[in-house]
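Chains: A, B, C, D, E and F, in written order; residue numbering restarts at 1 for each.
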Amino acid sequence: MIYITRREHFNAAHKLYNPNWSEKQNNEVFGKCANPNWHGHNYNLYVTVKGKVNPNTGFSVNLKELSLIIRTHITDKLDHKNLNLDVDFLKGLMPSTENVAIAIWNELKPHIEGLDCHLHCIKLCETENNYVEYFGEE
Amino acid sequence: MIYITRREHFNAAHKLYNPNWSEKQNNEVFGKCANPNWHGHNYNLYVTVKGKVNPNTGFSVNLKELSLIIRTHITDKLDHKNLNLDVDFLKGLMPSTENVAIAIWNELKPHIEGLDCHLHCIKLCETENNYVEYFGEE
Amino acid sequence: MIYITRREHFNAAHKLYNPNWSEKQNNEVFGKCANPNWHGHNYNLYVTVKGKVNPNTGFSVNLKELSLIIRTHITDKLDHKNLNLDVDFLKGLMPSTENVAIAIWNELKPHIEGLDCHLHCIKLCETENNYVEYFGEE
Amino acid sequence: MIYITRREHFNAAHKLYNPNWSEKQNNEVFGKCANPNWHGHNYNLYVTVKGKVNPNTGFSVNLKELSLIIRTHITDKLDHKNLNLDVDFLKGLMPSTENVAIAIWNELKPHIEGLDCHLHCIKLCETENNYVEYFGEE
Amino acid sequence: MIYITRREHFNAAHKLYNPNWSEKQNNEVFGKCANPNWHGHNYNLYVTVKGKVNPNTGFSVNLKELSLIIRTHITDKLDHKNLNLDVDFLKGLMPSTENVAIAIWNELKPHIEGLDCHLHCIKLCETENNYVEYFGEE
Amino acid sequence: MIYITRREHFNAAHKLYNPNWSEKQNNEVFGKCANPNWHGHNYNLYVTVKGKVNPNTGFSVNLKELSLIIRTHITDKLDHKNLNLDVDFLKGLMPSTENVAIAIWNELKPHIEGLDCHLHCIKLCETENNYVEYFGEE
């Protein structure tokens, strides 16, 4: 049983703003992240899957296939986009790093199962100082 | 004569879009950077100044002062902002990495001269694959 | 349940030296780390906490608050300090990376509990080749 | 109980090619990795061991000793070598990142046990986008 | 006048070996780099061009075009290849970092001139500890 | 004519303190860098030399020799040392990054000349945010 990780990346705009709150409350909680005109990040996404090694290939998963799945279903939809406005699978979500990571997990999971391995972790890095990890735990 | 560099950073949204062009022409030239709903980056800014070493301090410039000048005049105005909409010294400019770097040079230069050293280079990194350097050359 | 990590850093001096041992024994075990005049490092500290996502904010923890807690209780006390001499919560400890990481865990834990999440891991990197991780395990 | 990690590195050539398959099948599965004239990588190897802190040293393991063991038994045998042809403990193995990581675990494990701590993880990074982790799980 | 840099990368095998020398002489000069079965690296290639900013685009060069030129003429020919055997524009050359960088300059220069800017520097990084820069100087 | 760079590193303690000044003046100028009990850094040193390519080797300089010279004359004397107290060629100098870089240039220059190439630049990085470059200019 081995864990293999592929990094992909995307550059996106977002803001953190709760429409049910006053501007003052938004500023207290979200600070400069609440700027109405948006800001953005270079996101690094690490997808870890877990599986057994196939003796014919030495692979637990073919990274060309894993990369293609991540790009098709996730990063092509996020790259150079607005996370609040442009992404079908983020509609109605506050695009915090936590929520984006969980949404990526949910979106990616069915496609990984087809690869004869299991999705283990979504690690999403917003800056070099901040990142989240989600393992599918309730 | 020695060169000293301070890194600061900012996270911002922007788009590349020429309002005098058709949408088709914008897409041909700017591709996904023309997304009307914006995208964004974690920018790294490296400011290099050139000067003589002061024998009392061993410093060509006090980096605490240089950092404060860069933050006050540049990165506090750019961080968590929209480069097309929110920044006084970028008004009317296409916020390409080139134009932002040159505008930072012009904005910063008078404040550096007060430090008894010379502004040598603005290096602005948009992603780990793309960066520009400006030395004040016509 | 999601894990979120904040990086902070500090620059400090230390030495590894057991006063109950001969100089020869110290040199055999600690090598150049036993230099009586000290040496130092740029330390990177990664604090990981574990919690549920608040639907109003999208946050498991507000990183502005987490960062402030780490700086107030940990890195402001370690930065530009001597780990053998200057730090209240390291008094009497050999300042190995292991011991500093465990001491940071013990110091930080009560302050994290107030955030409605749990301290999961202290990762302390001494160089790009050496780091430790502590999860509070006995 | 604490986890400590040492990074070592090696530069090596390899190819991925199954001699029981046609050239067409090799190209479909392995793509450009099947180039008969080889290609190569700068590999980063992270070895994590788990142990208790010795109160006399503050160490769970002496990293000088751990580094020497890794270099003697692993990286001196892999560095500037061909992973398909030159390495005794890889003979007969497809040198995928997965298989090399597992072989390093098997080779290293008996030498770590002598250190009064336990081998916890072999993390092997082939590029900045691809890495595997092995924890000795069946 | 501004300088803009694009990073591309390739993974390749090579060896350093002078066929006019004895094996002993090759080992003395090239050490483990002379391993007859090859070794390899993850190379990072930074291409810097110099030009004026076009007021309609804000670009000195369109990085999509620059990237395509570098990939078409250089990295697609080097990636997952053997630098001694597989590359037309390296035939007959000792594939040291110096010689590869100069050959890349010569190969790339005519294609850059078509972009209305000038090739300024080829920086080729063989490892995180070793790199060369070539500016076209005799 | 090509430029080649070798990175070496060292970990050291230092403080910035002018003994001719009051404690108040030291604190105003040097801030926390004046801590009497020292602090420290992981320094990265990049040495760039300039030369012609030897057609028999493909090298402008043999990096094994360059690395040995840097380690013998510079980093073995700085690593795990106190820059104010322990280093012959820094005696009497304020160990600012500027002064240490210039002293390394002066110390290294005669040894580089023996290599049939020229010392071009000493780049010394104190943190990931601060570095100096010295080209031997008066």
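General observations
One rule holds for everything that comes next: contacts are C-beta pairs under 8 Å (C-beta built on N, C-alpha and C of every residue); 3 or more make two chains touch, one makes a residue touch a chain.
Quantities reported herein were computed from a predicted structural model and do not represent experimental measurements.
By the document's definition of touch, common neighbours of chain B and chain F comprise E. Averaging C-alpha coordinates per chain and comparing to chain E, the farthest chain turns out to be C. One copy, chain B, sits rotated relative to the other, chain C; on C-alpha atoms the angle is 180 degrees to the nearest 5. Shared numbers divided by all numbers used gives the overlap of an interface; between chain A and chain B this overlap exceeds half, so the copies present the same residues.
Centroids built from CA atoms put chain D at 28 Å from chain A.
Chain centres here are Cα means. That of chain D falls 34 Å from that of chain F. For chain A, the set of residues that touch two or more other chains comprises 128. Chain pairs that touch one another, listed by label: A-B, A-C, A-D, B-E, B-F, C-D, C-F, D-E, E-F. Residues of chain F that touch chain C in their complex: 11-14, 32-33, 35, 37-42, 79-82, 85-86, 127-128. Residue ranges of chain D in contact with chain C, taken from their complex: 1-8, 48, 53, 56-60, 62-64. By the touch criterion given at the top, residues 16, 18, 20-21, 29-31, 93-99, 101-102, 128-135, 137-138 of chain B touch chain E in their complex.
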